[in-house]
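The same subunit A turns up in both complexes below, where it pairs with subunit B and then with subunit C.
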Partner chain A sequence: MKQVNRERALTILSPLAVLVLWQAASQVGLIDQRYVPAPSAIAEAGWSISVSGELGRHVIASLRRLAVGFVLGAVPGVLLGIVMGLNRWVRAALDPLVAALYPIPKIAILPLLMLVFGLGDASKAAAVAMSVLFLTIINTAAGVVQLDRIYFDVARNFGTPWHKLFLRVILPGILPTVFSGLRISLGVALVVLVGAEFVAGNSGIGYLIWSSWQTLVVENMFVGIIVVTVLGVLSTFLLREIERRLVPWRQE
Partner chain B sequence: MKRVFPAGVLACVLGLWAGAASAEPVKIGDLGILADAPFYIAIEKGYFAAEKVDVVLQRFSSAAEATAPLSTNQVQVVGGGVSAALYNAFARGWAVRIAMARTRDMPGYSSDTLVVRNDLKSKTLTAKDLKGRMIALNTPASVLHFMLGRLMESEGLTINDLQTVNMAWPNMGPGMETQAIDGGTVVEPFAAQFSQKNISFPFRRAADFMKAPPLEVSVLLYSKDWMDKDPDQALAFTIAYLKGVRDYFDAMKGGPKRAQVVEICAKYTSLKDKAMYEKMQWSYMDPNAEISLDGLKDQQDWYARNGFVAKKANVEAMVDRRLLDQALAKLGRLDEK
Partner chain C sequence: MNVPNIRLPKIRIDRLGKSFGADGVPTHAVRDFSLEVDDGEFVCIVGPSGCGKTTVLRIVAGLETPSSGRVEIAAGPAPAAGNSRPRNAMVFQEHGLFPWMTVADNVAYSLEMRGMGRRERHARAQPFLEMIGLDRFRDYYPRKLSGGMRQRVSLARAFVADPEILLMDEPFAALDAQNKLILQDELLRIWEGTRKTVLFITHAIDEAIALGDRIVVMTAQPGRIKEIVPIDFPRPRSAAELRADPRFGALQLSIWRMLEDEVRTARRQAEA
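Our next item is the complex of A and B:
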């Protein structure tokens, strides 16, 4: 127990120590504050744009696009991945398409997405959805393929109907792999979203970071970067909690 | 002889060392646009070579991107649009100085344009008709943003009476074609190209309504460290550059150097269609590169009022015209008429 507490303390203290060192280095001039502001200046700027409501507006815009895009990519991704994992012919047909489309940088096709979906949330959510879709397909299909065939044989011998096979064998078997894929997809989704908000828009954390750099309000740019980090940590934490409830045997 | 020989060796060594101190090429942050023409002219016509200055072009996508390396002397010269970033950089203590003016908008030479979709032409007669419309900007708090704000203010409105969205200039054409935006603030050749493709019409040019002071669009920024540590090289560069400016001025006015300047610009910029140079309005360059302090102060005041500049910079301190004055003393002043 004591060791667990020490580990938790270290998890909290180590980033705090980095902040203290950064602040001290800025005060004594080791870090040039003209280019890298001190944590206190960043905190002050963060407070200022929080109180004015500007930060909240950007965070809500990004979270909305992230949530919509993630669901639109993850749900079909999991379903397609299951079908590809179970059926070799579907896998043979779709694998080359997935392999071809997955490496395309989604930011590169953002102007095309804007032509189709417009300048608003839809084009950014579409970019997020595309980046999540392929990662989820690949992970889910791999999870299904890796399931031990003996479970299918036993279920077949006992005459298990398909829906029970799916709910009692396939889904529990692939959930750990699916959630691993979703955690990776979430990180990639954030990267793509922030990049999409650089290109065309007037809201979102990506827009805050880009416009702050364009106007050289460097403190606000760092606030945006820190907010992206916090959003990444919180959303991963949320996903872990959902996984903990849906896949309790993995914790054991 | 015994004293002369070591002295002679010492003189040679010192001379070589002095030469070596200026042997580093000058890195120019260029954007590949028409306003960078004096750099390209001075390279092609040997003005830099005549002043014994080696130059290297380093391409950037925007002046804001180039300002950070300029302030740390990784790049020595950048032609930069006047923007909130410039004032904020100076207020932060970044080591950059405005060495001379670059482009401004004057009647007949006004590149900065608000273009509006062709289908809105009959409905958009004054700035008041723009109220509530979606207008694209390539960069927030830039000279075009200022121009747009001034246009709205000329009819009793403000920039907040518009919706604005960020968008790169090339994307504004498709944006207007799909009616995602109602207009955009652009520079040439985009205004001419969009007109040619029947996408938009030039609703207002900056010189139509910004006369006193005229719109100060861009300036030539030098690294302060470079100016202080290598003033001889900086002066030589300035002299060669000013010769390039004067060739551009001649071309701009339709003089005998126009064809050659167009040839050079087509080589170095993304505007390869030489016919387009005759269809668009060129930016105005003062052949004596005189800076308008009133124009710079006016812009900073607007950025500060609209929340883009938190701490106003001392505009007089931003400008260092030592090298310009020395270059003008050597070359003489040119009559703008």
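Our next item is the complex of A and C:
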């Protein structure tokens, strides 16, 4: 018991210690404040762009693109993955396409997407959707293929109609694998989103980081980095909560 | 109404054959398998691994189609209105439970598939949950149960379906010896209450003797019937007590003698 408490204390104390050291090193001049500002300066900058509403505007813009892109990638990804997993002909037809398109870094096709969808939200959401789509297809199809055949026998033996087969057997059977795919997708989606926001537009956390670099407002750059990290942690947490609700049998 | 007094078999398996494989070299899993099972009879099929006994069962269940021959299952008495009975229900091995459904939902699965409402099907499953002693675990997921408990749920799931015949594919194979004995007794007890026609696949001779009215001994691949042994121990039986009967050991030995050559042949086939 005591050991657990001590461990818990350490996990809180060690990041705090780093912050204190960082602050001290900045003030003594060990760290060049032009490149790496002191924590206190970053906090001050964060406060001021929060109060002005600028930060909120960027966060909302990024979240909207992330959410729209994630849903637009995940929903068709799950559906396509199921069809691929169930039907060997569809699988034979789509496997090479997925295998060829999946490894393309989605940021590499951003110019193409901007050509098609314009410079606004649509092209950024599309880049996110693309990166989510293929990972979801692959994980979902694998989930269906790995589903134990005995479940199909049981379903058939007890006279399961097809819509029940889908809702009560296939869908719950693949949910754990689908969620592992979604969790990986989320990380990739954030990378692609920030990258896309570097390049074009005038809103979003990526834009905040990039424009702060261009204008040498280094404190705001750090605020952006911290905020995007927090967004990543929070959205992963949210996804895990949804998984806990939808896949209750998976817990130990 | 003048019903002729002829005893019709409940299951009629007529010269059943099943071959697999392509490239012009078919493998015969089952060949010329004919068997009649009476209504209310408990028939066990034993045979060396790979002899096609599971294939026979799967064909009877309608999960596979025969290459030749046919299976007939006589229709039972007309069911009460709006209460359709399935022809067969299978007791699968323990990993056949749906991990994403609670014990109660697994047991009531067949009723859900027949479109019965949640409250009604749970009420109907309740006596079966009590019968297998897992009422307390109704809201548990299978993962939290032991192998023996899971197999009980699997039994209950098949009995709830109230099928005309019960098919069991080595349901206790994965259990330890003690749990096996307990489950055999439980199966006997539940079965006594319904006297359904049962086709039970096993590779354990003692299990077949303890449970069955007749034992069908199969040959190595291609699986045919080598011999049919009647077991006339009185019922109700106790799987544990039966083993103390001197005739039990004698039967076990004589069936082993029938099976021994086939097991050796099967081993040679597997090593080839």
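Rule of thumb we're sticking to: the second predicted complex is superposed on the first by the 238 of 252 C-alpha atoms of A that agree within 3 Å, B and C clash if a C-alpha of one lies under 4 Å from a C-alpha of the other, contacts with A are read in each partner's own complex, and residues count from 1 in each chain.
In this text, a contact is a pair of C-beta atoms (placed from the backbone, for glycine too) under 8 Å apart; a residue touches a chain by one contact, two chains touch by 3 or more.
Please read these numbers as outputs of a predicted model, since none were measured by experiment.
J.: Looking at A:Lys164 after the superposition, I want to know if it touches subunit B, subunit C, both of them or none. Which is it: first, second, both, neither?
T.: The answer is second: A:Lys164 touches subunit C but not subunit B.
J.: After the superposition on A, what does A:Ile82 contact: first (subunit B), second (subunit C), both or neither?
T.: neither
J.: Is A:Val98 touching anything from subunit B or subunit C once the two structures are fitted on A? First, second, both or neither.
T.: In the superposition, A:Val98 contacts neither subunit B nor subunit C.
J.: Please work out whether A:Leu115 is in contact with subunit B alone, subunit C alone, both, or neither, and reply first, second, both or neither.
T.: The first partner, subunit B, only.
J.: For A:Leu55, using the defined touch cut-off, is the partner it touches subunit B, subunit C, both, or neither? Pick first, second, both or neither.
T.: Touch status of A:Leu55: no partner.
J.: Looking at A:Asp148 after the superposition, I want to know if it touches subunit B, subunit C, both of them or none. Which is it: first, second, both, neither?
T.: second
J.: Does subunit B (first) or subunit C (second) touch A:Arg156, or do both, or does neither?
T.: It touches subunit C, and subunit B stays clear.
J.: Going by the contact rule set out above, which residues of subunit B touch subunit A in the complex?
T.: Contact set of subunit B toward subunit A: 62, 64, 67-68, 71, 83-85, 88-89, 92-94, 139-142, 163-168, 171, 174-175, 178, 180-181, 308, 310.
J.: So in the complex, which bits of subunit A are touching subunit B?
T.: 34-35, 111, 114-115, 118-119, 199-202, 207, 210-211, 213-218
J.: Can you check the complex and tell me which residues of subunit C touch subunit A?
T.: Counting only subunit C, the residues touching subunit A are 61-63, 86, 88-90, 92-93, 95-96, 98-101, 109-110, 112-114, 141-143, 157, 161.
J.: In their complex, what parts of subunit A are in touch with subunit C?
T.: Touch residues, subunit A against subunit C: 148, 150-151, 153-154, 156-161, 164, 168-169, 172-173, 175, 247-249.
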